[in-house]
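Once you scroll down, you'll see the structures, which are given as structure tokens.
The following pair of complexes shares a single chain, subunit A, combined with subunit B in the former and subunit C in the latter.
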Partner chain A sequence: MRQAWIIAAKDLKLRVRDRSAFIVGIIAPLGLAAIFSSIFNPIENFDFSATYAVVDQDGGLVATQFVGGLEQFGAGAEIIKVATRKEAIDLADVEPFTSGEGVDAAFVIPPGFSDAIQSDRPAELEVISGPGGVAASVAVAFAEQFASEMTFARIAVASYESLGGTDDRLSAGLRALATPSPVSLEDLHAANKELAGKTFYAAGLAIFFLFFTVQFGVNSLLDERHAGTLRRLMAAPMRRSSIVLGKGIMSFVLGLVSMVVLIVATTLLFGAEWGNPLGVFLLVVGGIVSALGIMGIVAGFAKTAEQAQNYSSMLAVILGFLGGTFFPVGQAGGILADLRFITPHAWFMRGLGDLAGGNVADVFPAVGALLLFGLVTGAIAALGLKKGLQP
Partner chain B sequence: MKAFTIAGINLRRFVRDRSNVFWVFIFPILLILVLGSAFGGSSDPRLGIHNAGTGPLAADLVALLRDQPGLRVMGFESRNDLVATTERGEIEAGLLIPGDYDSALQSGVPTSVDLMTRGEEEAQGIRGNVQSILTQQSVVLRAAGFVASEGVGSFAEGLDSAQLASARIVEVTVKVSEVGEQLGFLQLGRFDSSAQQQLLLFVFLTSLSQSAALIQTRRLGVARRMVSTPTPVRTILAGEGLGRYAIALLQGLFIMVGTLLFFNVDWGDPIGAAAILIVFSLVGSGAAMLMGALFDNDQQAGGLGVLFSLGLAALGGCMVPLIIFEFFAPTLFNIAHITPHAWGLEAFDALVIENGTVVDTLPYLGILLAYAAVFYLLAIWRLRRVLTH
Partner chain C sequence: MTARVNVLVCRDLRRSFGDNAAVKGVSFSIAEGETYGLLGPNGAGKTTTISMVTGLLERDSGEVFVDGKPLTTISVDAKRGIGLVPQDIAIYPDLTARENLIFFGKLYDMSGKALKDRVAEVLEIIGLTDRADDRSDEFSGGMKRRLNIGIGLLHKPRLLLLDEPTVGVDPQSRNAILESVEHLSDQGMAVLYTTHYMEEAERLCDRVGIIDLGEIKAEGTRRELVQLVGQRDRVRLEAGGSGEAGVGALAGLGYVKEVSVRDGGIEMLVENAGAWLAEILAKVTAAGVTISSVDVEEPNLESVFLHLTGRALRD
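Right, the complex of A and B next:
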């Protein structure tokens, strides 16, 4: 055991002097996290607001009701501004996505609309909107909602009259509109287990580059073989397993240090919220163990150090992309969303998300999956490494 | 002539390393395939529905929502699945239809459906859609309730008369007109914008990763030996640069032709597209020469190469379209134009979205050429010093 620690300490010193592990493990992910958060934060923090115009050519009661309803619709009046005007609107006034000057959508209430509604003549509202966008779809949804209400009032008043109701249409209609709907839409607030942008990129880049950092340590075994120092180590009075253990300890420490630095730095610099420290620690340990196992397989079966480096970066990139470290693969749905769980990266990200919306116990499935990855791949790696360490 | 020999050797070294085949040819196409099929399609908000009800009204509600434009509806067998999927942000909202939906409505008992959201803006549109469908669906029942509360008839009588009335009454309708053009990138095909972005990203990435080979050439002393032969330094530099340029060009060409054949990507005017590729490859190989000249450790250059090439690509609009920058963060849009990538993408916009020809790309190509010139000049200046001192 003591020998393993000595080997680990010696290798760590080498890595620190070389600075490559430092660049790959800390500088690159931190630099990218800085760039990603500067790009994605403004987009994520962009608040929805819409300006609508109501062109009231009718001037009746219905238009008043419409504007009142529109102001209440959605989350509240502060996000929806309504400008009322009597004159006809030019289609060109309603240019899409012209925040500031134009409007996002215009509602046209045609002349005689209020009368038409009360007399069962055809009545039509018009929505002029830009193509796509939340503001446009909210506008169309509201207009349709309002039209349904008006249709309801007509039906309610018609059946009221057919059963002998005698009150005038307008007041009957207004009372009908005040009748609550038998189906109400209740809002449930779901716990948010989706990582916020700045946390997502910090975490994704950290776990992505962790595999490269760990690979530095694991592949140093092959470097030693290439340089001929491995034979000398094997000739030394210690067990072969101490050599492997030493490399393992060093890779683990390298991975742990880089992760801790990244977690602290992204929290302080970019406001990433990693969540409960204990949960994060468990996930990080799980992540390092799985990376050790997977990179160990490559080192165990590769013939040369160069080959090992090629295969391990290929593997790290494929698993990283598939595991959703760069873009949220889970949102894509379908096969891809299921396939991602063959990667440790996906479990790490899932664990962090569950931790954000829950508590420490919620990371156990993800940590379990990561450790299982490490165990299985570690066992396979051990077979390969044992063969590689025959004199 | 000697320059071509040096370039040839570089190319041979590159092709012999089989992992390069993966990085240069297989990986970009895979990524375009994945990104295009996963995110290139509809960006409409997603509503998950768990229908615990068994009756026709509940089924009808689901069917009406499925027909709603601007909404992607997904069915969920298990309530827990729906809750978890909503919580994890894989869908924007989840709708829970209760088991007694039909029986409650038919007997005039008020009921409710639950809409579960994470309180995000996308959910606003969904909420409006669901509310509007619910209003439509409950018209007759609500009218019956009104009649009963007015005391002119019972709920059952109200139901009958409201049904008769609804068959007779003309519905109030909504006419939707769209004005303005769709945003440029929305007109693009499923794979188009992702293919352009990945082309620039990978040409630059592969070029920078080739700086490692240049560093090895220097570290192993190969470069110095070449200098000791009767070969002028400029020929050696030309050869090294040419080799890198050929690799960048080869990969770019492969991505263009591959995506054209496999995914039918629209690259616009072929001459214009070729011109962009030729010039952008020059920028990439210039950057690689500069990195190869500045660094002495190929592993360090490798790590920084990934940082620079992904970082510049992200900043330059290869991950989020430039138009999104322009709309959400105008400052960022200006910063993006520090990178050659942004100019390359603008050039493609001129070709593909504005249906331009090579002439329309000339301003952008000029800027890209300036980048290439700066990179090459700095690299040559530095390499001359390193190799001859």
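Right, the complex of A and C next:
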């Protein structure tokens, strides 16, 4: 273990001396975060507004509650305009609204909707929207929230009656509950949570560049082999695992320092809001562990340092894009929104989203996912590194 | 007379890479204060042998003992007694000479004043005291080589392995390196020195193992090895005219062995060439061969290698 620290200290000295750690770990992400933040900044100035059409072909109690809930959803914030049309309308007539005439999405409440719900029959609420975007996601999320509340109320009524409840007034009361309560943005599905603009770009670029920073440390094993010093290290009186551990410690420290500097700097300079420090720390640790595992795989199986550098850079960019570090992939909808969770980046961003306004415990799922990434990829990396530790 | 203790014992080392058997049953031992040379051409199996002896490379079979302790790739204790000077320069160019030495010293559990003093001592030995705090990427090739050796010496190993330490070194630095190595065995260190330079092996080594195609062909002191070729001098005559006629004239002489035409000249092994040279020249001239130069070479390790393998060291 002592030797691992000695190796880590030597590597840190080398990285500080050649300044590469500063450039990749701090200067580049800070600079890019500043540029992105000032040029795009689309979510900070959120000013979310959307116009929804409701085609109420039903006109019943539940439909009315739905429309009321939707209007209340946007009330006060003046972010959502709801236009309702109660006359019968062909679905084909709605679609143009959603693609170019100022309506972002339309809810179509079919005839018999309220009756179906009140008599426990399946009911269908259709959301028609364009190909994606925030407004469409919000519309879908609102409808899903409405549907889940319906289901909850139905279960409550069914449970009461199955347990022998005979009070008609209570049943009626419970049925009355089978109407949507006002829905707020915070009620929306967690997967659609995104960070505010400056924080989003600061966090996205921090996790993106973390992979490059960590790559420095892990790939230095291949540099040692290329330089011939690996033979000396392997001939020294220590276990070979100490060499790998030393590289891991160095990468971890480098990653941690660069993340801390970035977090402090973006908070002070750009006004990024990272959230509870302990929660952020846990996410950073999880992020570094996952980056170590993934970059370890590359270092373990690459034949040369140059090859490892190319592979890991490519991987870092792909994972970064897919994980939504440059733009909020979750709001794009479709398969990308789900696919992003195969990357640690998405879990890191998700964890920060969960942490925003929440408490430390809210990041546990994301931290768990990140550590799991690290564990699985680390095990695979260990196989490759064992093979790679040859003179 | 007290028998010297063996610091290194290797028994029947074998290692293959796929179908290629790089080392085929190499055995040798080195006593304290002894310098043992592994002499062979490139690809003979020297580096593979050293890699197994240092525990860098897993062996297919065989045993290695350092100071009586068995050594494998996962040994820790036995490795404390070994100092390695790899063939390729293995230093950190961004660190100074002193920082390089301190780093490797710490890996060998050295610390504090003892480490500081030893670093200063080694810098003196390798002649880099004046440049101790310069980054090693500013050093000449020879200086890097000397630092490479200094790192191997730092922890006062019982066994020092030098893998072709003078490859690519200028004559001045080469001489400095050889002088350093000469002093090491005086300090009781056992030294394993691999080289394909015959003159280095002759100068430095108490005993030499001649290795080729993964096998030790012969082993012993220089005198013992030379006796393998029968103390015969190698004589080469640069000849004009028919070399074959000259060979015919010499073939029947009892003191001339293995006479042949090679590269346009006549080569032969002669017992005590000094005594017979005049007669040889007279017979060749009488056979109609014009002699432009005469070269007499006493037996050396090169001759031994040629005798044992049928080819020159640098082939």
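Rule of thumb we're sticking to: the second predicted complex is superposed on the first by the 234 of 391 C-alpha atoms of A that agree within 3 Å, B and C clash if a C-alpha of one lies under 4 Å from a C-alpha of the other, contacts with A are read in each partner's own complex, and residues count from 1 in each chain.
Going forward, contacts are C-beta pairs under 8 Å (C-beta built on N, C-alpha and C of every residue); 3 or more make two chains touch, one makes a residue touch a chain.
Predicted, not measured: the structure shown is a model, and the values here were computed from it.
**Student:** Just checking: does A:233 make contact with subunit B only, subunit C only, both, or neither of them? Give me first, second, both or neither.
**Tutor:** second
**Student:** Quick check on the superposed pair: does A:311 touch subunit B, subunit C, both, or neither? Answer first, second, both or neither.
**Tutor:** After superposition on chain A, A:311 lies in contact with subunit B alone.
**Student:** Regarding the shared-chain residue A:3, is it in contact with subunit B (first), subunit C (second), both, or neither?
**Tutor:** second
**Student:** Check whether subunit B or subunit C contacts more residues of subunit A in the superposed model.
**Tutor:** B
**Student:** Counting only touches as set out at the top, which of subunit B and subunit C does A:268 meet: first, second, both, neither?
**Tutor:** neither
**Student:** In the superposed arrangement, does A:18 touch subunit B (first), subunit C (second), both or neither?
**Tutor:** The answer is both, since A:18 touches subunit B and subunit C.
**Student:** List the residues of subunit A that touch subunit B in one complex and subunit C in the other.
**Tutor:** On subunit A, the residues that contact subunit B in one structure and subunit C in the other are 18.
**Student:** Of all residues in subunit A, which touch subunit C in the complex?
**Tutor:** Per the stated touch rule, the residues are 3, 6-7, 10, 13-14, 17-18, 227-229, 231-240, 390-391.
**Student:** Quick check: in the complex, which residue numbers of subunit C touch subunit A?
**Tutor:** Residue positions touching the partner: 51, 54-57, 73-74, 76-77, 79-80, 82, 84, 86, 88-95, 99, 103-104, 106-109, 151.
**Student:** What does subunit B use to touch subunit A in their complex?
**Tutor:** 17, 19, 22-23, 27, 31, 34-35, 37-39, 70, 74, 83-84, 86-90, 94, 96, 101, 104-105, 108-119, 121-122, 124-125, 127-132, 134-147, 149-150, 152-153, 157-158, 161-162, 164-166, 168-183, 186, 297, 299-300, 302-304, 306-307, 310-311, 314-315, 319-320, 324-325, 327-329, 332
**Student:** Under the definition above, what is the set of subunit A residues touching subunit B in their complex?
**Tutor:** Going by the criterion above, the answer is residues 18-20, 23-24, 27-28, 31-32, 35-36, 38-40, 42-43, 46-48, 73-75, 91-92, 94-97, 117, 120-132, 134, 136-138, 140-145, 147-152, 154-156, 158-160, 162-165, 172, 175-176, 179-194, 212, 310-311, 314, 317, 321, 327-334, 336-337, 350, 353-354, 357.
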